[in-house]
Amino acid sequence: MISKTFLKETKELLREGRVRIAFVVVILLLGVSVWISARQYENVNQQYEIAKTAERAIWDNQGEKNPHSAAHYGTYAFKPKYPLSLVDQGVDKYAGSSIFLEAHNRNEAQFSAATDQTGLARFGDLTPDFILLFIIPLFIILLGYNSFTKEREMGTLTLLKSQGISSWKWMLGKWAALFLPIFCITALLFLIAGFLLNGLENFGVFSWSSLFTLFLVYIAYYIVFTNLVLLISAKTKKSGISLVISLCVWIIACLAAPKAASNIAETKHPYPTRQEFAANVLKDRREGVDGHNPWSKEAKLLEVRVLQEYGVDSLHQLPFNFDAYRMQKGEEHEAEVYLKHYNHLKNQYSKQTQVYRGLAAISPYLPTRFLSMSIAHTDYATHWDFADAAEDYRVATQKFLNDNFAENSNYGDWGYRADASFWKSLPIFEYDPPELDFILSENFSNILILAFWIASSFGLLILFTKTI
Amino acid sequence: MFSYNFKYELKLLLRSRWIQLLSIILLLLFGFSTFNGLQKVEKRKKDIRAAYVEVQENDEKMLKLLDSVERGMEVSVPRWTIPTSPMAVGNYHPRVAAMEPQSMAFIATGQADLFTHYVKPKVSGNDFAMNFAEMTSPVQLLFGSFDLAFVIIYLLPLLIIAFSYDILSAERESGSLRLLAAQPIKIHTWVLQKLGLRFFWLTLLVVCSLTLVFLVTGLNPLGQLGVFFGLLLLTLGYMLFWFSLAFLVNLGVGNSARNAVMLLGLWVAFVLLAPSLLNQMGNTLYPMPSRTLMINEMRNLKAEVTERQDEILDNFLRDHPEYAINDTTQFRGFYHRYMASQRLIKEELSPIVDAYEAQLKERQDWVDQFKWISPAVIVQESLNQMAGTSTQDYENFRKQVVRFAVGWREHFMPFLYNNKNFTQEDYPQLPKFQYETKAYASFATVPILFLISVGLFTIGFLFSGKTKKGELLTSS
Amino acid sequence: MIITNNLSKNYGGQTALDSLNLSVKTGEIYCLLGANGAGKTTTINLLLGFIEPSSGSAFINQLNVHENPKATKRFLAYIPENLMLYPSLSALENLDYFSGIAGKKISASDLEVFLNEAGLQPEAFNKRISTFSKGMRQKVGIAIALAKEAKVLLLDEPTSGLDPKASNEFGLLLQKLRNKGVATLMATHDLFRAKEVATHIGIMKDGNLKQQLVASDITLQELEKAYLQTMEYKALAL
C-alpha cells in the first residue's frame, strides 16, 4: 500500500515537466553557490594566513621599545573562516573579521564585508544556505501542493476510497514520494560539501560529525515543510488554493517573520549607538584609576594603599616601577568597565534572542537558521566568543607587558626599553571555536522548537488525513 | 464591452471579497512597515539630539574651565585635558558630525542599520580608521527590516500574482470561457481589460491605503507632494511591470496552477536570484582588496614613521612654515611630532585608501549597468535614494565628515605650532559640521519602468496573435 | 443560415471531420447524432471559429466564419454542454454582462422579459447562479440567445444530465425559438429528444455524415434502427 502509492506518486512527479525543470534549476543553483562559496572560502583563508603571520612578524620585530609603547602600538587578532561556512555563511558578512588589541581600549571587530558592498548586498547572496533555507522549501511546495487536491479534482479520490485504502498508509506513501527527492538533493549537497572540505588544505576544525548534524537540522526543516504542504493539500479543495496557502506559509515563515522579529527585537531591546556606547564607557572609566593620570583621586588612593601594603613611605622604595603598576591597575579597571558594558550588550542580545524564539512559533525557519549558523560557526554567539577570547588575550597581553615594565625599571623611569627579543615571548593568540556538544547544548531550545514543529505537524497531518 | 467589464469586474471582486481582503492586507502591511520605519527614524533623531546636548553640556564645562584658567585659578582636571591646550579641545571636545534623516527616511531602511548617523572626529587618529559601522546585532542585519521598501519590493508582486494569475485560466477551468468566446469580442482584449481593471483597483487601494497610513501616522503626504508622488509613481511602475508579466503568463496556454508556478518562478528569479547573482558577480569581478592586508600595510608604515618622527617634524615645518609663523618659544612636544607624522601617514596611505574607493565605485558602476535586468533592483535603489539611506548617501556623508575632520585638524594646527593657547574668544570660531543632502533620486527610472511594462504588453499582444486559439478553447 | 462546404478538420493526420456538407435554414432544428468522437463537437467548434478548418468552409448568415470570426458571432448564440456562468452573479446580472459585452444595451425591464421568455421563474431572477440547477442555467443561456436576437443557435449536448421534465421544457423552448426563425444546430446523444424537437436529423460516424433524415418522415423506432445500423457499419467493415 505504502510502496504502491509511493511508486505511483514518484512516477507522476517524474512525468511532469515543471518538476523536471525545477529539479534541474535547483541542482544548478546549488552547484553554482557551492562553487562560489568554496572559492570565497579559500580566498579568505589565504588572506587570513598571510595577515596573521605578517602581523606577528610586525609585533616580533618591534626592536627595543618601552613595553607600554608596544602596548599602545598594539596588535591584531584575526578571525578565521570556518569550513562549514561553505554551507552556511551566517552573519559572517555583517561581523568584522579583525580586532585591534591595544592598551586601555577594547575595540570592536572592524571591516565587515557588508560595509564594503553596494546596497545590492542586502538582497542576500547566492550561497548554499540561501538555497537550503529558501529555495528548497519552495521546491517542496511546488512538488507537493496538489498531492491530495489532484485526487479530488480528477475524481480519483472516490475511486480510491471505494478500494478500501487505509488513509494513513496512503498518506505515508505520498509523504515518502515527496520527501525522497528532497532528501536525495540535500544528501548530495552535503556529500559534495564534505568531500570538498576534506580535500581543501588546512581544513582545521572541519569534522564530519558537525556536517552530519547540520544535515540532520536541514532534514528536520524539510520534514516540517513536507508535513505542512501535505497538510494544506489535504485540507483544501482546490490545487490553486492549496498553492496560495502554502506560499503564504512560506512567505510568513521565511521572509516576514524574521524581518518582523528583527524589528520587534530592536525596538524592545535596543542596542546603544556606537557613540553612546563609547560615551558610557568613558564615563565609567573616569570613575576608576587611569594609568596615565597619577593626579586623580583614585590614583592617589591607590598610592596610599600600596605604600601601606609594602610598609614604605615613598614610591621610589617600592620593589617595582609604580608607574607600570598603576598602568596595570588602570588596565584592570578599564577591562572591568568594558566587561560591564559588553555584558549589557550581551544581555540585550539574549533578550532579543527571546523574541526570536517566541516568533519561532510561527516560523520553523528561525530555529533552523540559528541552529545552522551555530553549527557552522558563523553565528553571532561564535562571534561574541571570538571577541571575548580576543579581549582575554588583550588583557593578558597588557599584564604581560606591564609586568615586564614594572619588574625591570624603577619609578619614574619612562626611558626603559625592553629587549628586542622580548616580544617573541608573548604567547601567540589562538582561538578555537566551541565544540559541537557545547553548541548543541547552547541551542537546546532551538532543537526543542524544531522537534516540536516536527511532532505537531506530523500529528496534525495524521489527524487530518484520517478524515479525508 | 469596457463599461460592462468595469461594472461586473467590480461586482465580482467585491463578492469574492478580494477587494476587502486586499484592503485589509495592504493596510496592515503598509501600517506595520511605516510604523517600523518611523520608529527607526525617531530613534535616529533622538540619538543625534542626545549627542548635540552632550556636546553642549561639555562645551559649557569647557568654557567654565577656560574662564577659571584664564583667571589664574587652580583646576582639578588632568593636565592634558585642560582646554587651553588646542589639542585638548580638538580631542576631548569634538563636534558632532551628524546626518539628519531626510523627510522620507522611513520608507526604506537601506543601509541605515549598517552605518552610523553621527561621528565626532578628533584631531588625533586617522580619517580612514574612523569607524562608520553602527553597533547593530549582525543577526538584525542578516534578517533585514520590515520596512515599506520590503512590502513594495517583495510582497506587492506576490499580491499581484495572487490577484491575477488565473484571470483567463479560471474562466477556462470553470467553462465560462467558451461562452465568452462565442461572443463577438477578442479574447485578448478582454483579458487586457480585466487585467487593466484589476490594476486600476489595486492601484486605487494602494494609493488610498498608503495615504491613509501616512495620515494616521501623522505624516502629511501633501507636505512633500513631490516625493510622495515619486513614491507612488515608482510603486505603480513596479506594479505595472508585474501586471505585464501576469498578462504574458495568462495568455500562454496553461492551467491556473501552472500559471501560478510560472509567475512564482519569475518572482524568485527577479526578486531573489537576479539581485544576489548580480551582487555576487560584482564581488567576483571587482574584488575588494583585502582589508586585513591593508591593516598590515598600515602597521608597517606606522612602525617606520614612528622611528623617524623627529626628522618628519623638521621636514614638515620646513614645508609648512606658515603654521609656526608666530611661534617664539620653539617648544616642540609630543603633539608637534605626532601631528606631523600623522599627516605623512595619511599621505602615504591615501593610494591604498583610494584603491578601495575606486574599486567600490567601479563595482557600483558595474551594478548600475546591469541593474536593469531586474526591476526589483531598480526599485530598491530608487526607494533607498528617496529615503536618503542609499550607499551613495552614506558615502556622501563619509566624505563630508572626512572633509570636516581635515578642517577640524587644520583649525588647530596654527595654535599647536605657534604654541598658542586656546581661549574663550576662540570658542565661537570652532568649525561646525553641516550635512548637505544630495538628492540621488532620479525620476528617470519611473518612465523606463513604465516603458518596460508597455513593451511586455506589446510583446504579449504580438505573440498572442500567433498562438492557436483553438488550443485555448478546446482543451480543458 | 448555417452552411458548411466540404468542411474538414485533421488533427495531426487523424481525421476528425471529413468533408461535411450541411445546411440548416431559418426555422429548422438540425440534430447531429453520433457516438463520442464522431465529429459533432468538432463541427460546432468550427462553426464557432474556435478552431480553423483544414479545408472547406463554414458560413453563418452568409458570412465565412473563418474570414469574419467576430462578425459571425453577432448572429449566433451558443450553449455548451455544461453551461457555466459567473456563480457569484445573479441570473439578471449574468444576462446583463453577456449581452453587454456582446454590444447590446438592454434595459433592466427588458432583461426580465427575456428571462421570463426563457422560462425562468421570476423569483430566481436575482438569485446567484451558484444556487441554480443545470436546467435553470440553460434557461439563462437561452435568455442570452434571446437578448442577443441570435439567428443561429449552436447547442452541444444540451439535454445530457437534465431530468425528463427539464429536458421536455428545454425542448419546448427550442420550438419557441424555432418559431421566431432561429436556425438551430444541436449535437446530442439523445435520440428521443432529437425525434421530439428536430426538423432534420443527421447521423455521424468517424467524421462522416452517414445519413440525413427528415424527422417527420420517421418514427422513433425507425430512427433508432437507422442509428444502430450506422454504428454497426464499422463493425461489419472490420
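As written, the chains take the letters A, B and C, and residue 1 is the first residue of each chain.
Note that a residue touches a chain if its C-beta (ideal position, glycine included) is under 8 Å from a C-beta of that chain, and two chains touch if they have at least 3 such contacts.
Just so it is clear, the structure is predicted and the values come from calculations on it, not from any experiment.
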{"item": "Closest chain to the centre of mass proxy, which here is the mean CA position", "value": "B"}
{"item": "Comparison of B-C and A-B (more C-beta pairs in contact)", "value": "A-B"}
{"item": "Centroid comparison with subunit C (C-alpha atoms), farthest chain", "value": "A"}
{"item": "Cα-centroid distance, subunit A relative to subunit C, in whole angstrom", "value": "69"}
{"item": "Between subunit B and subunit A, distance of the C-alpha-averaged centres to the nearest whole Å", "value": "25"}
{"item": "Between subunit B and subunit C, centroid-to-centroid distance (C-alpha), Å", "value": "63"}
{"item": "Set of subunit B residues in contact with two or more other chains", "value": "none"}
{"item": "In subunit C, residues with contacts to at least two other chains", "value": "none"}
{"item": "Subunit C partner contacts - residues on subunit B that touch it in the complex", "value": "1, 3-5, 7-8, 11-12, 15-16, 174-176, 178-186, 190, 469-470, 473-474"}
{"item": "Of all residues in subunit B, those that touch subunit A in their complex", "value": "32, 36, 39, 43, 47, 50-51, 54, 78-79, 110-111, 114-120, 131-146, 150, 154-155, 158, 162, 166, 256-258, 260-261, 264-265, 268, 272-273, 275-280, 282-284, 288, 290-293, 295-296, 299-300, 302-303, 306, 356, 360, 363-364, 367, 376-377, 380-381, 384, 390-391"}
{"item": "Complex interface listing, subunit A residues touching subunit B", "value": "18, 22, 29, 36, 47-48, 50-51, 54-55, 58, 62, 73, 76, 78, 90-91, 93-98, 108, 110-126, 130, 134-135, 138, 142, 145-146, 239-240, 243-244, 247, 251, 255-256, 258-263, 265-267, 270-277, 279, 290, 292-293, 295-296, 345, 349, 352, 356, 379-380, 383"}
{"item": "Partner subunit B, residues of subunit C touching it in the complex", "value": "45, 48, 50-52, 70-71, 73-74, 76-80, 82-89, 93, 96-98, 100-103, 141, 144, 154"}
